[in-house]
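Chain IDs A, B, C and D follow the sequence of writing; residue 1 opens each chain.
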């Protein structure tokens, strides 16, 4: 059966949205991910969809268990996101969100690097509208920041791919399908030449590696209430997918991942904007996945993918609850919120489910995915890595498990009495919440779709694992509770925290200042030289070569002689120079004339050519 | 050709009746949570003690030696979180700036 | 019929161009249908020939029945068929587009004449493209140039006269260079038929060492470089594009410089043979590569700071011509593919953008970039066209511009000219800056800025704009343009 | 431009004009097989009108060849040229293959004659256009300047 890429179903289908109105549009929006999902289910594993373009075979769709896993969860995220945003009237957001989901699907089903890159760029360009749609001056700035970083990532990837192809006889395949067409097909890039480094770095930017991460913490909190839900699902997970595909078992990734898991949580503790807290928490979760990819054993890769799967759902849920709060109150700072559980009980409950899931409480989803990575790290003997990850797991509870729900819905009463979230939002949150509990309670639902089998020693529901995890989490909660009781816990303050973006924000400002100051002067000087000094000089030279040379010489010489102003001989010489210059100005038009300039340059170019051809 | 107004996200605007503003002193008697803060805290301490004691009742199979210590996970979680918060407070001294830092 | 299409493609617009001033006295209403009909015919003929020449079936036409080396011949192959289609389609779209624009910008008495000159300019450009005789090429070049001067000088401001005059002076110098080059070549080979000269070069490679042949090549290259506004010889261009009537800007910007670039392709491939660049005069190739790279980077760099949309687009054209020359100078199959499809890509993108600039002039009386504010709200169709065309200029994937840059980059890598890749990237980045400046005005101007653009332009202007913008997408997605370019390269018969 | 006052000049000029024009036609007729042709004939013809304008003033010259006429003739000449070319096409030959004007199966003699007439025809077209263009050029440059500045921008 001929397959049709789901990516195209969504991104082409999105173009029809503006032409529909009212309930029909809502129905259509909900139907799109479903139709696309049906198209995916109809595609057998191991099949591919090729398209011939600019001298390359673009494999738009190549299905194995890895891509299928991401395909499933992206469809889930797209459907829930659309449902969550069903009340939105802004066509820009709807179109770009659906195209964005389509691009993400395109990226995970891409069978070759070029196709992957095409969709990768599509991710950047479609998602930025979810930030721009806020239509505020500061969100526009954030969008620019976001877009610039995304473009840099895309360029690095493109150049990397081009160089890689150049060094490998045009090889572009991202994955070789095994003859059976199932399972995960490892396709390690060959670490030869600069191309692969650029690819690595390009992926790293979108994966929010430390120091390259600030586009997440700047961009996502500036998105619309509904846009952030989409953003949280796709871009970074596509990067994780690509790392799983292209760089499994790369040792560097372990340490990068450890940094991602360990460091952002400190920022999460002191950050005031609750959606930015979620961003830091997201980087922390991706850190776990990156460690999994870096370890690269079958169990670790399984863990990375399973964790990505769960993360998309619970992080989406948390962003949805925060989006509902933003939508109803117009506020997102921890310092402005609090006590909302009075009037938004359902949202509060769903937030608690999300918090429990991300903290990996038994019966909630991260419990069954994070443990795979932990066990893989332990089995490979990465002791320090294991300790940091355990610390990060405790830290997750602190900022995402307690801080988010506590400061938004409990804490001191802010006095805000907003309405409960709209029904479509509640429905979307309910679906995600159920999915979190369902996955956490019945791990096999997820495990059987993973590329490799889960060995018995890694199964999550054993007494030691359940008890130890509960101990970790309860005692972490105890620590936070105690610190709060002792009034030692850092209060929510209206503030911004400097982050890695400080460096390039400062650098950009310095660059702009340089551009407006010294650079402008240099350009002005160059422009004057090109349009005025050189042509006029040449004209004068053509008329009176000897005079021109003498004048030029006099100018230089008398420039120095200016030191001896006052000496009669020098003054006389300077007077003569001024006269000469006045004559010079009389015989040659002062300002350069475009025609004559062009003609002069023609003469110069022709002279060069003559010298070249007759040499 | 007339155009619909550009839809914008709600932002805080005190004069907009749709955006709620804080209400004070309306005779709010709190909710179950606000009335049972003390109970919740006591419950937390009791639970913590119980799960710690569970360590005596199962066979550990560990990858690293420290896992065999009594209550290692609880201890690690507690210390980890306290460290996290204290270090974060230090970090705040280094990186916190006023809200309009980037607008200046 | 097919046999005569080469000459009819040229003669029909010319005939119409001569009839227009005569018939306009009788019935002014006939001017527009006649113009559109004639250009429509050329379009049809060009497309028909393009489809026919696929797979290496060139069409030859001997004027007056004289055998080719003696008489003047026309020859349509894969390369010039593409360019013919480009000129004819842009001509037709300009004719369709310009009604409201010239009603606004030209006095009533000048309009029939304007149609006539446009038709004759089209004749000239088509003629340059189709002829297989270098002197005939020069004649058509003069026709095209003189009509272009007129098209530019008809702008309503006095600067238009000055711009036309500048172009006249500089263009005449260019034409003189070209004529001198042809003269030198004729002195040595005794022939004006391209195929004949090429055969002499192939039979006797020693010719490349002769100083008069080298002079001829230098004259031709410099002359054509002026005509195509190759950096740093682009001085005439910004003023000409800025002050000309909007319809002239549209037509000339989308065709003129590229036709000269085509002539360079022709001179290299069909007159001197590619050997002239490889073993004959490699320094010329390096010099042209340097000029092309300079154009590619500096064109968009200067464009960034322009406040006038037309002037901005003119500087951007300086950069775009660089791509086409770069493709030629790489002399690699991939690079050439990039250069050749850029003929179409640039015509589509720049055409669409000049359509929008013209619409802006119609609505606000000037083409200031700042006046684009609110276009997205007031004129969503036009705004979408700007967006697509702008993305194509930047080289966003799925647009035509991406294809050209991709091929140029791979061609550069294949020929181990790695420095071209950062040049292309820098240019994309700079282009992105000025395109973003436009798009931000169009879509994200603050809501409190009162748009000056008013409502959407009439359909006669909107439709050509949308067609050109759509072409940017179609060329980017469908593989046609690449297939046509491949065929063109096969027709040129270069050894990769 | 002031009128020439000398009666000698006025008389000679007036008498010379028809001869110049006749000579122009003669040059045109020889274009096919000798020095001459449409270009030269056209220039000579135009010179007769230029002479009138030089001697009797701008107005008199313009009256001999009004703007309306020269503007009409200028494209007409080209049209004649192009029409003959297209006519050859219609008769089944190549563009400008005059011999075909004689018809599909004409004798060699007829073909030769047709070639002749075709050539003369297009030369006549050229002559019309060149005449009109030269006249236009002359009068455009000789036109008394209106009271406004030149290019001041």
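Quick note on the criterion: a contact is a pair of C-beta atoms (placed from the backbone, for glycine too) under 8 Å apart; a residue touches a chain by one contact, two chains touch by 3 or more.
Computed from a predicted model, the values in this text were never measured in an experiment.
The chain with its C-alpha centre at the largest distance from the centre of chain C is B. Of all chain pairs, the one linked by the most C-beta contacts is A-B. Distance between chain centres (mean CA atoms), chain B to chain D: 96 Å.
In whole angstrom, the spacing between the mean C-alpha positions of chain A and chain C is 39.
Centres computed as Cα averages put chain C at a distance of 35 Å from chain D. Mean C-alpha position of chain B lies 64 Å from that of chain C. Residue positions of chain B touching 2 or more other chains: 6, 8.
Chain contacts: chain C has residues 165, 447 touching two or more partner chains.
Residue numbers of chain A whose C-beta contacts span two or more other chains: 135.
Across the interface of their complex, chain C is touched by residues 71-72, 75-76, 78-79, 82-83, 85-86, 88-89, 93-100, 151-153 of chain D. Per the touch definition, chain C reaches chain A in the complex via residues 165-166, 169-170, 173-174, 177, 211, 214-215, 217-219, 221-222, 225-226, 232-236, 239, 281, 283-284, 287, 291, 334, 337, 396-398, 403, 406-407, 409-410, 413-414, 421, 425, 428-429, 432, 443-444, 446-447, 477, 479, 482.
In the complex of the two chains, the chain A residues touching chain B come out as 88-90, 133-136, 138, 224-225, 265-267, 269-270, 326-331, 341-342, 375, 378-379, 383, 386, 390-391, 394-395, 397-398, 410, 413-418, 463-464, 467-481, 483, 485, 488-490, 493-499, 505. Interface residues of chain A facing chain C in the complex, by the touch rule stated above, are 52-55, 117-118, 121-122, 125, 132, 135, 137, 140, 151, 155, 159, 162-163, 165-166, 594-595, 597-599, 601-602, 605-606, 608-610, 612-615.
Here chain B touches chain A in the complex through residues 6-13, 19-24, 28, 31, 33-34, 41, 44-45, 47-48, 51-52, 54-55, 58-61, 63-64, 67, 71, 73-82, 84-85, 87-89, 91-92, 94-99, 101-103, going by the rule given at the top.
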